[in-house]
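Each chain carries a letter (A, B, C, D, E and F) given by its place in the written order, and its residues are counted from 1.
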Amino acid sequence: MSNRLTHLDPLGRARMVDVTPKEPTHRRAVARGRVHMTAETTALVARGAIAKGDVLAVARVAGIQAAKKTADLIPLCHPLLVGSVLVNFQIGDTWIEVEVTVDTVGPTGVEMEAMTGASTALLTIYDMCKSSDRAMVISEVTLWEKTGGRSGTYRREDTNEDIDDLTAVVPDDDDYDGFDRTLDPEASGEL
Amino acid sequence: MSNRLTHLDPLGRARMVDVTPKEPTHRRAVARGRVHMTAETTALVARGAIAKGDVLAVARVAGIQAAKKTADLIPLCHPLLVGSVLVNFQIGDTWIEVEVTVDTVGPTGVEMEAMTGASTALLTIYDMCKSSDRAMVISEVTLWEKTGGRSGTYRREDTNEDIDDLTAVVPDDDDYDGFDRTLDPEASGEL
Amino acid sequence: MSNRLTHLDPLGRARMVDVTPKEPTHRRAVARGRVHMTAETTALVARGAIAKGDVLAVARVAGIQAAKKTADLIPLCHPLLVGSVLVNFQIGDTWIEVEVTVDTVGPTGVEMEAMTGASTALLTIYDMCKSSDRAMVISEVTLWEKTGGRSGTYRREDTNEDIDDLTAVVPDDDDYDGFDRTLDPEASGEL
Amino acid sequence: MSNRLTHLDPLGRARMVDVTPKEPTHRRAVARGRVHMTAETTALVARGAIAKGDVLAVARVAGIQAAKKTADLIPLCHPLLVGSVLVNFQIGDTWIEVEVTVDTVGPTGVEMEAMTGASTALLTIYDMCKSSDRAMVISEVTLWEKTGGRSGTYRREDTNEDIDDLTAVVPDDDDYDGFDRTLDPEASGEL
Amino acid sequence: MSNRLTHLDPLGRARMVDVTPKEPTHRRAVARGRVHMTAETTALVARGAIAKGDVLAVARVAGIQAAKKTADLIPLCHPLLVGSVLVNFQIGDTWIEVEVTVDTVGPTGVEMEAMTGASTALLTIYDMCKSSDRAMVISEVTLWEKTGGRSGTYRREDTNEDIDDLTAVVPDDDDYDGFDRTLDPEASGEL
Amino acid sequence: MSNRLTHLDPLGRARMVDVTPKEPTHRRAVARGRVHMTAETTALVARGAIAKGDVLAVARVAGIQAAKKTADLIPLCHPLLVGSVLVNFQIGDTWIEVEVTVDTVGPTGVEMEAMTGASTALLTIYDMCKSSDRAMVISEVTLWEKTGGRSGTYRREDTNEDIDDLTAVVPDDDDYDGFDRTLDPEASGEL
């Protein structure tokens, strides 16, 4: 990890890092995040999901499209051609989790595409549920995995001692599954 | 609060709610969110903020521009003409908080513009800091205040009993300032 | 009907017609169109529609978003704030029909928003089905109804003697329902 | 031809197909479509075409620009870098035909770019002529040719037995030129 | 004229000025600019203009579309609904001049829409001529007139003593017509 | 230099030049331009630059983002993936100069990306200063250097005899530094 911000030049001015010397390689990034809501609102989404699936279907489309326009949203992000975007959801008792996986062949990574796709999918769920629940919270949006590129593979560990507040963000409720995807699908409704 | 999702019709199909019968009125929404990072990364941003401010200056522009293109990102969101967007930051020890305030005169509220502006500003900080810190987490993105429109004023309460996980998200550390803006500006560096 | 093209000035140069003197009024436009495909492909979509509905759910989102960005696509089209967009589908034996209804309060009509929404929804169905059927044809995209504005209400008649080719476009098969929406919903699967 | 829709995963959820394993090759697609209108409106466009050409010049620009933003309009369409877009028109007695040819070097085909370019060019003609003729119909938008890629060359046949309605769409008037471009240019006004 | 920059708050942070308290009124802005080029290149454009007009027709469309997306390009610019955009050209011996007029009814002016439209039309001419002439210069892009709004009417004077370099920008050739549109149309080819 | 415009086909119709046969190579373009303003306004920007730098920080972001969306603004411009965008400023007594450098690896040059980035950065400065100074002029926007590609390296000479008006645009004031960057940085404030 660098101890300086590569998006600032030595005088502190914003810049796009030059990626032209880098060889195109296969790269993947996985991001996850959650929107917390009341049990009643979660149930409304879940029922829709079972019947026609439109809240999550709309959020899936929004996440895919946002991943494609990441460079238009994040000023210093390089444009690239995403080769694949997958958006999946898990429904808990009082939250919906999104996981976005982005693949590309290119000279730069796709973390921001995955993060932007996840954030936008969560904002879309928020938008569609806000008439029912104004106190929703979007949380725990983070990079889960990154492969390809010079810096090699990164996988998020479950605990991160360096970030004090993070321990607050991750509840220590015994039933909490973190981002564990081995949850009983009957209970959590993978969609 | 409604017990159904107005973005779905009675058959569960996605739709834009019709706002044409609504009179234009002045509306405001305030959203907040945080990106958690190591103390080292926070310090890098803070130092930049004192010198040239480019990380936060770029994130501010990104937040403003994203608020303007909300309807392009969130599928069922109505287009509207934002009249004002303010983006401010607070720097903590291991987090940066953004607050986005959006005003408009129109037939529909600006919650999504504020939420989208806040999310995009946080993603931009994430992008500019990820070479230094890959384990950052975007969290606690939520609507803080909403005024105008038929449903009247909404202000988020500090505790929300209905959302179990939220109590987990809000740490009960005594020093935690929540979104309290009365923080000592010397200590937290309002920017 | 005018016998000149208002988007050209007297010297034949393209221009946006000035709408600033016009009062905002409530306006609506309805457009319809079809994509013709093999019975096998239609069945694949219909099965999806019954199970999870994703082809049509994606096409619905695409139609809504395209209606919102009409002025970005059609060069001389005025920007306006759509107040509502509805996208519905009917499934026939060898076609899927889309109907897009757009409402606004503004100084100019929303025909192009409805037409653009319909075309884009059909293109999206085409995209999602092209691995199964390359010979699909998008057809009969037309304005069905227009209300509001100085020129009053327009409703398309079933036969239009002025357009010779149109009689070719509308098959005289007895079972053909045109755009008649009184079709037996059991048979045609309104979605 | 596949008997499943590759844009849906086995559970029926929308997805972008992963193109990262595919080698970039040269690819081309040609799409055509028509807008039918009264003879009077056609003549207005044709006169303009002779004098300054602005209706078709604007439609040509709109078609090119739409081809470039296809991935922003069609949710599951991959972004790619179009290398060339050509937009040509033929004027008949009561219709204008557009032909859009798109070339690229990339891992995925450009059918959707050609189809989207053709649709948008036709919508633009519709927009510029609608003050004169509200009953116009956009029709017969279809893929005419596709080369490159693993699935090899595809050329549309003049008759397609599999699509019943298509025989209705294609008039059996003896003079009908289909999309034959060998028409007498004096008569049909290739532009 | 203010002696501070209203787009910065008292702490020097960028902001969108709040326009929600302002009443919508009719507003107009006119901007002009030139691209200087060799006499040979100018003649190529002029010949095209006489025959089919495509360089200027494309530049006109580009100027209109850019005016519509000004708020997407200029970060602190308010979104507004342009009611009319006119783009005209004059051809000199070694330059092409563009004039863009934008009208709206709204709470804020359209200077930036006119300026952005003019700049983009000039960039488009540059793009289409650069294979013939790489030394072209875009110059003298400025606001010519502004009406409506609280600050009243502004019209640029031919000489502006306050801007020293401007006297350099405006050549003192006797034949120079400035932006005078009474030029002999035979000589300068108004298009 | 060609004596025809490659963006027009032999019949004078606009087209995108086909770049698919060209090999990707490393390419760079540098464009510069100025906005002239009163000494008072220049001082306001310069003071801001010293304190927080927000006018130029916002203009830098706008220039970078515009470079990324060049193909969306300039109709016949090919989409490409910019690999790096640098935006720098110099402050004179009565002007601010921008220099934009764009790098890519691709089959076509990045002149238009550099020119569009420079124009948009200047428009953004104009927007942020217009409350203080309405008579600002954007001038001397031109390509300064171009490397890579079949046509080899191009560097602008200080004097260009072929463009008559250019001698007018370049003042012969002895103090004028043209685009010379060897200016005393104390005096001109490179940022």
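Going forward, a contact is a pair of C-beta atoms (placed from the backbone, for glycine too) under 8 Å apart; a residue touches a chain by one contact, two chains touch by 3 or more.
Fair warning: this is a prediction, and the values are worked out from it, not measured in the lab.
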Third chains touching both chain E and chain A: B, C, D, F
Chain hops separating chain D from chain B, counting only touching neighbours: 2
Relative to chain E, chain with the most remote C-alpha centre: A
Self-contact between copies chain B and chain F, residue sets same or different by half: same
Superposition of chain A upon chain D: rotation angle, C-alpha, nearest 5 degrees: 120
Between chain A and chain B, centroid-to-centroid distance (C-alpha), Å: 17
Geometric centre distance via CA averages, chain F-chain A, whole Å: 36
Chain B residues counted as touching two or more neighbouring chains: 13-14, 52, 54, 57-58, 61-62, 65, 69, 75-76, 81
Pairs of chains found to touch, sorted by chain label: A-B, A-C, A-D, A-F, B-C, B-E, B-F, C-D, C-E, D-E, D-F, E-F
Interface residues, chain F side, partner chain E - complex: 1-8, 11-14, 33-34, 36-38, 40, 44-45, 48, 51-52, 54-55, 57-58, 61-62, 65-66, 69, 73-77, 93-95, 111-112, 115-116, 119-120, 123-124, 126-143, 146, 154, 156, 160, 162-171, 173, 176
For the chain F and chain D complex, residues of the former touching the latter: 13-20, 71-72, 75-76, 78-81, 106-107
Contact footprint of chain F on chain D as seen in their complex: 26, 57, 60-61, 64-65, 68-69, 81-88, 103-105, 191
Residue ranges of chain D in contact with chain E within the complex: 52-54, 57-58, 61-62, 65
